[in-house]
Amino acid sequence: VSNVRSNRVIVTGVPRPPIEQLDELAGFGVATVHEALGRDGYLGPELRPIQQDTRIAGSVVTALVWPGDNLMVHAAVEQCAPGDVLVVAPTSPCTDGYFGELLATSLAAYGVRGLIIDAGVRDTAELREMGFPVWSRHVSAQGTVKATAGAVNVPIVVGGQTVYPGSAILADDDGVVTVPQRDLPRAIEASRAREESEQATREALAAGELGLDRYNLRAVLKELKVEYLTYEQYLESERAHE
Amino acid sequence: VSNVRSNRVIVTGVPRPPIEQLDELAGFGVATVHEALGRDGYLGPELRPIQQDTRIAGSVVTALVWPGDNLMVHAAVEQCAPGDVLVVAPTSPCTDGYFGELLATSLAAYGVRGLIIDAGVRDTAELREMGFPVWSRHVSAQGTVKATAGAVNVPIVVGGQTVYPGSAILADDDGVVTVPQRDLPRAIEASRAREESEQATREALAAGELGLDRYNLRAVLKELKVEYLTYEQYLESERAHE
Amino acid sequence: VSNVRSNRVIVTGVPRPPIEQLDELAGFGVATVHEALGRDGYLGPELRPIQQDTRIAGSVVTALVWPGDNLMVHAAVEQCAPGDVLVVAPTSPCTDGYFGELLATSLAAYGVRGLIIDAGVRDTAELREMGFPVWSRHVSAQGTVKATAGAVNVPIVVGGQTVYPGSAILADDDGVVTVPQRDLPRAIEASRAREESEQATREALAAGELGLDRYNLRAVLKELKVEYLTYEQYLESERAHE
Amino acid sequence: VSNVRSNRVIVTGVPRPPIEQLDELAGFGVATVHEALGRDGYLGPELRPIQQDTRIAGSVVTALVWPGDNLMVHAAVEQCAPGDVLVVAPTSPCTDGYFGELLATSLAAYGVRGLIIDAGVRDTAELREMGFPVWSRHVSAQGTVKATAGAVNVPIVVGGQTVYPGSAILADDDGVVTVPQRDLPRAIEASRAREESEQATREALAAGELGLDRYNLRAVLKELKVEYLTYEQYLESERAHE
Amino acid sequence: VSNVRSNRVIVTGVPRPPIEQLDELAGFGVATVHEALGRDGYLGPELRPIQQDTRIAGSVVTALVWPGDNLMVHAAVEQCAPGDVLVVAPTSPCTDGYFGELLATSLAAYGVRGLIIDAGVRDTAELREMGFPVWSRHVSAQGTVKATAGAVNVPIVVGGQTVYPGSAILADDDGVVTVPQRDLPRAIEASRAREESEQATREALAAGELGLDRYNLRAVLKELKVEYLTYEQYLESERAHE
Amino acid sequence: VSNVRSNRVIVTGVPRPPIEQLDELAGFGVATVHEALGRDGYLGPELRPIQQDTRIAGSVVTALVWPGDNLMVHAAVEQCAPGDVLVVAPTSPCTDGYFGELLATSLAAYGVRGLIIDAGVRDTAELREMGFPVWSRHVSAQGTVKATAGAVNVPIVVGGQTVYPGSAILADDDGVVTVPQRDLPRAIEASRAREESEQATREALAAGELGLDRYNLRAVLKELKVEYLTYEQYLESERAHE
């Protein structure tokens, strides 16, 4: 076994979080969990769902692929188990359609819950029809080859976040957030607490209380020397200014 | 009161257009009103709706915010009234999710009709579900802080247009257009006239009349020396050329 | 007739493929046909549909337009016939809304099946409602003028592909692919063959066979010296590495 | 005279700031003046110089142009006077080369100090050779036509800022900042003060004083609950975490 | 020989234009030749030189490459002859560094004048030092593999233009323009004529004549109903408007 | 000490590689080291130098900053030592100018060799003049505040790579590559070996040997079924095809 960081390994037997925890996680939105984690783990605004109103949570299997080459996606399928979500990143930016309905059929046969890919996907109509959820950076019919090595189940970077195999991952219409396995119980607990406190806030706001008061922001504005001007005062100051 | 252009003011009591005019404006599409205004006021192709088939019109309340900081969005809520639309711009490009379902709940409690934001929004599924319409440049779960000053109800720039507080604003699937308060009656009138003239054009085109004839474009083509070639003539000229 | 490559011609009487072949082509997805053609002809990931779950095939009529100017779109309408698809490209990148519901009405009156435009489109809600399908690079309410010459039915470039008048074109949720007229029978045949072979693959994958085995990729991995490591071996090698 | 906001006007006789003030302004960097103005007026990171190590200041003449059309640039030349800087913005994004060495020759004949263009420029080697400075968003050899109306000396938007005719403008390797005419004396004074205070800071920092101490940031870090950990403590906490 | 459009061919013995014509072409700027050709053939603003103040002209050899794979660049070297310029395009967008100092050494040994690549290049400091000029879309140290087929000397698309093997190509600080072999004499002649007429214009403009007069644009402005307003009239109309 | 992944820590006393190793590393180009590492560690094509022909190597100190807020850059200065390179990443994309000549003065006082920032920098002319090298994603005069927490010396992500404090980093005109501390001796050794083997290759290529032969690529082309056609054969096959 080499002790150099390798781009040519397939790591087997990655430990997963308990399925029940993943299912609990799926009860919360991406924004909620991201906040509950101290605003960590969000995979950025470039990954967009090809479907609407779908949320999944699962355990991460990663594939690191060469531009225009999906060999390692096929290698990754074998490492997938029920409850997993496959997360794919190219070594350089690539728009190609690495993944379509056949690969989804294969993943579905192994109980995989969805795909997150920092590149392109195709057969989007078919994927929606078969109910296989995908978050991707591009949609592209352009196919790929199977000729160049990469890696499976090594840490990969997507959207400015390092994503680890065996971490939990959650995706919905707001994007994707990754939760380290060890933080998962705390993330669930903190998300539940956040939802409860948000419910009180929601009711207060719906009743007309202002965030300015509820979050004590008037003091912040004052400290920052933000002035209140009437429209007339403002016009006058602008006229002086022009 | 300072007479320097200030990034640290909250302007109160901005006069609004009559609600009835806003409601009339909502009867026309963004493209129609943009044309009726002499092709002015369009906020550009980067602002996209998070929902489909929704159109709103309202009176503009603006918030100028720091990257990654939604303090002034909270300050803006207090300045909102029924019929308003909140328009938010960051001082530098930012993808963060400045706004979610709680702020929407608060705005809805004050009768605000929607949000236009030249940055990110989150809780998009929840926003669609509660029927609070949003046009944004990004969708992002990434949260913001409340630590840096900005302004409320000063002119801001979105998509190459200066947007003024108290102006009318109209948004649908084609994007967003802003209408100066004083031009609002004329914009409505001109839009109505345009719709009527378009109806006649629509019928003529549906009956097979060509735009070339209806808009007198054959003369333009001739003046520009555009030639008609048969396919055979064209092939021949190309063969000569290659 | 000039023998210089001309940007100022309108070519008439371009021969089309038989309508029945176009209708057959419409029975296959863009990704399938792109593969069947040896991965040629895809117009890239930037052209996105304004509607979902729609597929069209037709014969190409092209328009080459100046930025912000749709004069040649009007000139192109006259050259359209039932079964055609209009394909528009600007001479420089442009986001403007070259095309809306009135032009769609006109094209529909001539039996045109849809629009592919490497620029902006507007009236998107109305276009969806009237069932006129569009693939575009942008959505923009910004209107255009009719003042500058261009060309109709000359080869144009969209998304890194040269698109020829009279070629077949196919568009669905994955984007757009163009098929040379002469290759059309072969493309249909190869697509049908591909679909059949994919059906067998689909069943095998659904039954749990791996792509690794089905496509003989284990040999490729081995030749590329991709190693299998257990999670424990991997951790150990990484620890040595850090 | 129409009282509708017009895209078809050429405004003459715009009052300028005194040349001496512009020359004083040119003694400060863009970043300095931007700070001195309370961080207002910066035209954003997309405008880049075609030359290096050049700084100019002048009085703004604006041109609002159609995509692919430089008619109004020609109209603007006549409105230019010694000490002016021409600022050009298209009504929609455009990469075309609106301006080259001939127009620079013409502007130079009228004492114009440079060009700021939110679109493309060409003849860049010649422009550098003749010493005519340009800041642009693109470099492109693609030429433009002269067929569509626009405006001269109306306010235009560049990089998220509204730029007014007769304002001062300053450009160097960091980009471009605009200074309202009335604020110009204050901007110069504040820039000078800033430079002086920066000199003291520079010496202190060069001598090893930390910004943490000089700007009293240790208190801020403490209030924000930022913790100091030794490398060993950090590794331990991470190990607990993974 | 297959009669399907092939992505897997290397075309040998492409006829070149006479070297003397290429050398003459190199006497004109890209913008001049682009104009002389009727504004055709420009490869767009995304291709930027890695050096400054260099201009080359040559005969095109093309390579069509897979993302992240430079196999066909090596195949193309063998097809190069003195006076050639290698033009490389990937089948999908790719930022990788396909080309560096070793390949430049090889090309230089065969008399090749430079590289145009719609992807990435590396060893830029070394390339400048050895005087091998390059225009590229990206600079990237990321290396490529040699595993997937492509083509040499087939037409390729770069920047919205189809580039043919054996065409002339010209590159300078404004970008790249391609000239069909047959048009080359005319392009040279028209460029020379243009330069001469520009010299007269240059002198007139330097003497203070306005483009408005020289190009008869006052009539155009009048026809377009562009109004002249004094600054005072304009302010008044705006005040009425606000 | 918390065992949650913290965005609010400053890690002190990070072990560095020996200065001599860093100096040795600086003897090789980024592309060479990237290759020597098995094509790992490259920070992507978006980080560009503000100067030309400069190469630095150093030990990484990281700062994770909030958009528009450089508080943690100041905190990072205190953690810097001679031979270090500061690497800064924002939590969300940001173009602002986090860093200028004063901060460079401070870093230089502590022996820091340069800055890598995945955001904006300003005072670029002054930085070049004082010889402080910078690689950045943007140049922007827009200033930042000092109000929001981040981290110093935690792993950060730049350009799809995780960058660790105490790793080596190398930057030149081709971009930036990071080398894990432990791999540094091997990276130096492999780079030296690569340079030696490249010298032999360089001489062979300069003497006219083809890469096709030297790298045994004719076999690859054959296996991939790439055909050689004469120009006449190709034309004929295309004519059959059109």
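Order of writing sets the chain letters: A, B, C, D, E and F. Residues in each chain are counted from 1.
Just so we're on the same page, a contact is a pair of C-beta atoms (placed from the backbone, for glycine too) under 8 Å apart; a residue touches a chain by one contact, two chains touch by 3 or more.
All values derive from a computational prediction rather than experimental measurement.
Visitor: Chains in contact with chain C and with chain F: which ones?
Guide: Looking at chain F and chain C together, the chains touching each of them are A, B, D, E.
Visitor: Sharing over half of the contact pairs with C-D by residue number is what counts; pick that pair out of B-F, A-B or B-C.
Guide: Among B-F, A-B or B-C, the interface that shares over half of its contact pairs with C-D is B-F.
Visitor: Between chain A and chain C, what distance separates the C-alpha centroids? Give it in angstrom.
Guide: Chain centroid spacing, chain A to chain C, equals 29 Å.
Visitor: Which residues belonging to chain F are in contact with no fewer than two other chains?
Guide: 4-6, 39, 44, 91-92, 95, 140, 142, 147-148, 180, 183, 240-241
Visitor: Can you tell me which positions in chain F touch chain E when the two form their complex?
Guide: Chain F residues touching chain E: 29-31, 34-35, 39, 42, 44-45, 48, 52-53, 55, 172-175, 177, 198, 201-202, 205-208, 210-212, 215, 217, 220-221, 224-234, 236-238, 240-241.
Visitor: Would you tell me which residues of chain D are touching chain C in their complex?
Guide: Within the complex, chain D contacts chain C at residues 66-69, 91-96, 140, 142, 145, 147-148.
Visitor: Where on chain D does chain B make contact in their complex?
Guide: 4-7, 38-40, 44, 89, 91-92, 155, 157, 160-162, 180, 183, 186
Visitor: Show me the residue ranges of chain A that touch chain C in the complex, using the header's touch definition.
Guide: 1-6, 8-15, 71, 74-75, 77-78, 95, 97, 100-103, 105-106, 108-110, 120, 122-126, 128, 138-143, 146-151, 153-154
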